[in-house]
């Protein structure tokens, strides 16, 4: 395969795998699967798999749950494999260069999810203006941004070489990367806050309190809390049904006490 | 199961064909969290995916916008599990139209938490840990078999996720048929379960940590573990959640402003050393 | 306490004499779990023991059979503690006859769980551990004193167990007198306590364990501790309990069939290595 | 004491002690107490107590709760003492031969409890046919089976000798004994399932869920769960009473709203 | 400073600091703060602070919560500093003599709190007799007693010398001091028992049961329990309001079902 | 904030001036636990402190005595936190007079537990641990700076405690104004929270421990950890609490007698070795 084609394919690979993993999840974005493809492209499957396997075992248990940002081991793998194939760098070097690129991606991830916020607002604006096509189209910016997240470092690495990465890393002060990581840990609270405004939070604040105590103090996992929540929900349902039946019965008997029920719901 | 039966899984003739429904969920599965934002998270993804089928359900512009607005709201769960929920809500909207709005929202908000708990554990933690340890070990020996197997399993999973959507869709119809007017009581009850999980999320998903220490001579006291955790575990996340909830309730504060505020606080915190990343 | 008082512990003149009552409980204490079966456990033991006094309470054949059928049902608790319950139910049946049927069943089913918890701990765990460590240590030195003391204590316990029955009998009468028509509310409430304990029993008494592991090279993943326990502790027991409960609700499935099914599953599981005995 | 009488008594001992322990519990079936009697029979109290003490300390904490099957240390003790007295075997040998016999008994225990099931059904059948005497008599089969459980190995040991035990053990494949042990762990679920059908399980399913979470996740002991259950029961009782009082009051006032209450109870 | 003035001031210091700590808490009664003042009085700040610091670090985490009695490290500190200044005793000796005095104070503390009981009754008696001034005045006995607790050992030490302390300690048998310590641990139950009689304990006994299980079995700290209690309180409040609203609505409609509500409250 | 505003924090003109109110709380802060007794604990302290302002609120002797009796009852919490509660109850009494009696008592009894939990942790555990470790370390090097700083912090705290009283006073007025007739429901609800904490107090504050052991040869069994704790943790405290509660409910038993009983039991327990001090 000519170098140019290899470069092109390797450039596209992480961007595609990222979108795949965040969507259909068929190739996914774990080191071994993207490493497999990178090995096919670069023509040295053995080296590719060794580098990928190293990153894979490094990343066991890493999961970006609830919108959290995690190191981009897929990108790290591809960078490592590319460098090994092009510069003949040993596996140690390949891993050492790939890793900081993967870590850098955490910052980008936070920035993109912040930027996506504006897309979401724009889309809703279009909806209100009844420009439904635009509403749909603007959403493509999200995937585009995510593409850029992996595309840009790959372009730099392919054109300027690995030394560029450390140069970029040195420019950004530590407190900025740290600050973005902290923000990434805190920001899921916004979604939770929104959610609480859509739900009958004030009426059932006791459910939040109980869930919090069981999780924070007693370390009950979320699924265990959910079962307790289900137990409470069943009681609420039964009581609601009993009240409704009673109201119906009362109506049937000609006594209209509909107000009372409403009062309770306030 | 005969082909015909598959195509008409419900008694009430739906507005949508099976193909239209599947095209909607495929759109959602493609977008997934690719346009994830901190405010409404997967909300826009759902809108983008279902905009076409909803258009068909709501020919009137006003109702359509109302339905879209409903889905623009905060939504987040494991995408595989979302398929069940979105199957059910689609069935509800198809049957009851805009009247189902509150029930749809309620079902989404109350189920997404518990579903994320079980879904994330299986899809994002257990499955990759198993496959990753097997395939990773093979890979360091230069053997790609595990990686190939992983991709094949992913394909199986892809098929299963579509089945989950169908399951949700069929259950959804059953749900509204059997519950009838009791739907509002049902959704209120599920909200209770959802809110219980919200309490857990505040304690586990939101991370706020201060690396500050009092130090003098050989005596050192970490503010986080020595004071805050002793008052109450997850004290700072709880305070931040309360603050954010309150701010979001104020006219003058939009979610965007809140997000910016958090970013600024994080940067200032990192700069001054008041906030830090919790060591694992 | 005077002799007379002992012989008439209740105001209402009972159908049974004190001697008849004691003969019934002595029968139960003799049979104990000597005809224990997996389906109704101590049920037949209770029937066998009380068949004579019940005959006296229910002279009519139909009522007698009804009462017997009631006691044929599942019953299991520490036998010492059972005496309290059986004392109470005997008092109830003596006073209200077949009308007390549901209350009797309800009292039995709801109290047996909590009573087993405390009773087993004391009678089967703590007492033998204390006596066993003392007497065992003496024995290895050739000294039988501890063993003799143990038998003496057992005699004391035997006497105490008869007192527990009397206690239950007297309380039972008091209970129905003071509760009156509220008895059904009372038994419903105790059922709630019983069901809470049933949830615990599923998690602790039922044991289902798989020794399966995924292994490849140096990576080894135990299905039980690595996957099932992470989804939910006692997941398999919960599933088995749900399955058994559902099967038992079906007309086509008798308890006997369910028991056979479990034995077959266990044997097949042991043969294939899918199931195993949990290492302590 | 003539050998024949010793043999006879030692044959009866475990069978009696088992029934005693499962019923009146006066001699009970722990190593030291049955060892005491075995020592009296065999005429060598010192050796008997040493063997019994060894098994006793081995069995500390072993308890067959909820119908579970446990090793039969009482039988093991008697076998050991008998062999030591007859063959002059050392204490080590006596323990080594006794133990597998005690373990084998687990399997028998499971089989008997399965067999007893048929007795229970038969007895209830007789009750329906109003053959009350038969109903009572058939229950003696239970104790009889349990007697056999210890009787049969004792007969073999006394007549054929200890080597027979290992022969029998070798005939039964491992998976069968294992399978029966597994079944013994699982079978208590049948009783629980029956129980759930007698109780208002559907109405109060939340109580089961809560009990399960507290026990499975938080390792709360059964007595702690029972206290929480009691707390819930008190609430249910108070609410039930309030409703009943209200209904009575309503009836007294001539307003008949009896239906509503019933609806709730369904 | 003349010795007599020093003696006088050092005599007053622990008594004042104790009352301060139990009231306004400005000087407080921790080793370092009373040690600071003792150092000023005795004129050797360095030695004073070293002794105080030693006791301070010894007392970390000691807190007399819920009326519990704890060692009197403040008194121990002052005794140590005084002896060091007067007798030139080394720091080790000063600490060794001060500590038993501080421990002895636990017993006195229990006795005073028992004695205060009689003051409380007397005061209430005066209130009923409408002798309000006496009611107020008698309360001064409490602080007076507490003053004595530290005053008496200080007087002995200053007049007779440290050997007196051990003499006194040897006179009191071990079981008396032990018994008082045990009583100190148990006596807070009286307050709790009183409290339960003022509260709707019977009606809400389930709340006590639940609080107990969470604290005793699951080791949930009091604040966590309080949050769960708050959750329950919110539910009770909502149900109470719903019932009240319903009753009002019913009254408005002319149906008087006031009895039912009352029934429930019993 | 202007001076004027500070002086009239409520709309309803109060009976008491700001100065009178502050003098009352300063009296309480001075007495604190200086007349603490085991029966009513801080009760007499509150009476002593508020006797003058209450006199002004209740000019009628009978009402005054009634109000005093109310405050003579058991009260105990962290003194700093008590300020909030006493601020609120003063506001209630000022506004509603003797009618507020039950509400006042209820507020005190239900809030004191939770407030003690958080207050003791911060005021008596965390703050002295931090200051003590810093100042203690400086002191052993002969440096009094930490001790001086501690006193300064105490002054700050003193000021803050007065502010807490003001906060309670103002909230108290708001509370009664907004709740109106619902106050009784509110106080009943807070009682539930209080009782939950009472359950915790029994398990943690009350200490009853037996050092008894069974011992024979090398086998040793501690009654406390080997038996009692296995039946139920905090079993003895629970039994003692139940016993004391029952005794206090009897006409023939005064709190004083109960206290004497406990002292006697403790002394006898210590003498015989049945009771002991729990090793840390």
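Which chain is which? They are A, B, C, D, E and F, in the order written, and residues in each are numbered from 1.
Just so we're on the same page, a residue touches a chain if its C-beta (ideal position, glycine included) is under 8 Å from a C-beta of that chain, and two chains touch if they have at least 3 such contacts.
According to UniProt, the chain labels map to these proteins: A, D, E = Phosphotransferase system; B, C, F = PTS system, IID component.
Not measured: the values here are computed from a predicted model.
Visitor: If you apply the touch rule, which chains end up adjacent to both chain E (Phosphotransferase system) and chain F (PTS system, IID component)?
Guide: Both chain E (Phosphotransferase system) and chain F (PTS system, IID component) are touched by B, D, going by the contact rule given at the top.
Visitor: Check the residue numbers that chain C (PTS system, IID component) and chain F (PTS system, IID component) use where they touch, and answer same if over half are used by both copies, otherwise different.
Guide: On the two sides of the chain F (PTS system, IID component) and chain C (PTS system, IID component) interface, the residue numbers are mostly different, under half being shared.
Visitor: Using the stated contact rule, I'd like to know whether B-F or A-C comes out ahead in C-beta pair count.
Guide: Pair with more contacting C-beta pairs, B-F versus A-C: B-F.
Visitor: Report the inter-chain centroid distance for chain C (PTS system, IID component) and chain D (Phosphotransferase system) in whole angstrom, where each centroid is the mean of the CA atoms.
Guide: So the centroids are 10 Å from each other.
Visitor: Mind checking the centre-to-centre distance between chain B (PTS system, IID component) and chain E (Phosphotransferase system)? Centres are C-alpha means, answer in whole Å.
Guide: Each chain's C-alpha centroid was found; their separation is 51 Å.
Visitor: As a quick test, compute the distance in whole Å between the mean CA positions of chain B (PTS system, IID component) and chain C (PTS system, IID component).
Guide: 45
Visitor: Round to the nearest whole Å and give the separation of the Cα centres of chain B (PTS system, IID component) and chain D (Phosphotransferase system).
Guide: It comes to 49 Å between the two C-alpha centres.
Visitor: In chain E (Phosphotransferase system), what residues contact two or more other chains?
Guide: 205, 207, 209-210, 212-213, 216-218, 220-221, 223-224, 228, 230, 232, 234, 255
Visitor: Mind pulling the chain F (PTS system, IID component) residues that touch 2 or more other chains?
Guide: Correct list: 118, 121, 125, 129, 133, 136-138, 141, 146, 231-232.
Visitor: Between which chains is there touch?
Guide: Every touching chain pair, ordered by label, is A-B, A-C, A-D, A-E, B-C, B-E, B-F, C-D, C-F, D-E, D-F, E-F.
Visitor: Write out the stretch or stretches of chain C (PTS system, IID component) touching chain D (Phosphotransferase system) in their complex.
Guide: 29-41, 43-45, 47-48, 51, 55, 61, 64-65, 68-69, 72-74, 76, 79, 105-106, 109-110, 113-114, 116-118, 120-121, 124-125, 128-129, 131-133, 135-144, 146-148, 150-151, 154-155, 157-158, 182, 185-186, 188-209, 232-234, 237-238, 240-241, 244-245, 247-249, 255-256, 258-259, 262-263, 265-271, 275-278
Visitor: Touching residues of chain E (Phosphotransferase system) toward chain D (Phosphotransferase system) in the complex: what are they?
Guide: 203, 205-207, 209-210, 212-213, 216-218, 255, 257, 259-260, 263-264
Visitor: List the residues on chain D (Phosphotransferase system) that touch chain E (Phosphotransferase system) in their complex, please.
Guide: Chain D (Phosphotransferase system) reaches chain E (Phosphotransferase system) through residues 218, 220-221, 224, 227-228, 230-232, 234-235, 238, 242, 245-246, 249-250, 253, 255.
Visitor: Applying the document's contact rule, which stretches of chain C (PTS system, IID component) touch chain F (PTS system, IID component) when the two form their complex?
Guide: Chain C (PTS system, IID component) reaches chain F (PTS system, IID component) through residues 118, 121-122, 125-126, 129-130, 133-134, 136-138, 141, 146.
Visitor: Which residues of chain A (Phosphotransferase system) touch chain C (PTS system, IID component) in the complex?
Guide: 223-224
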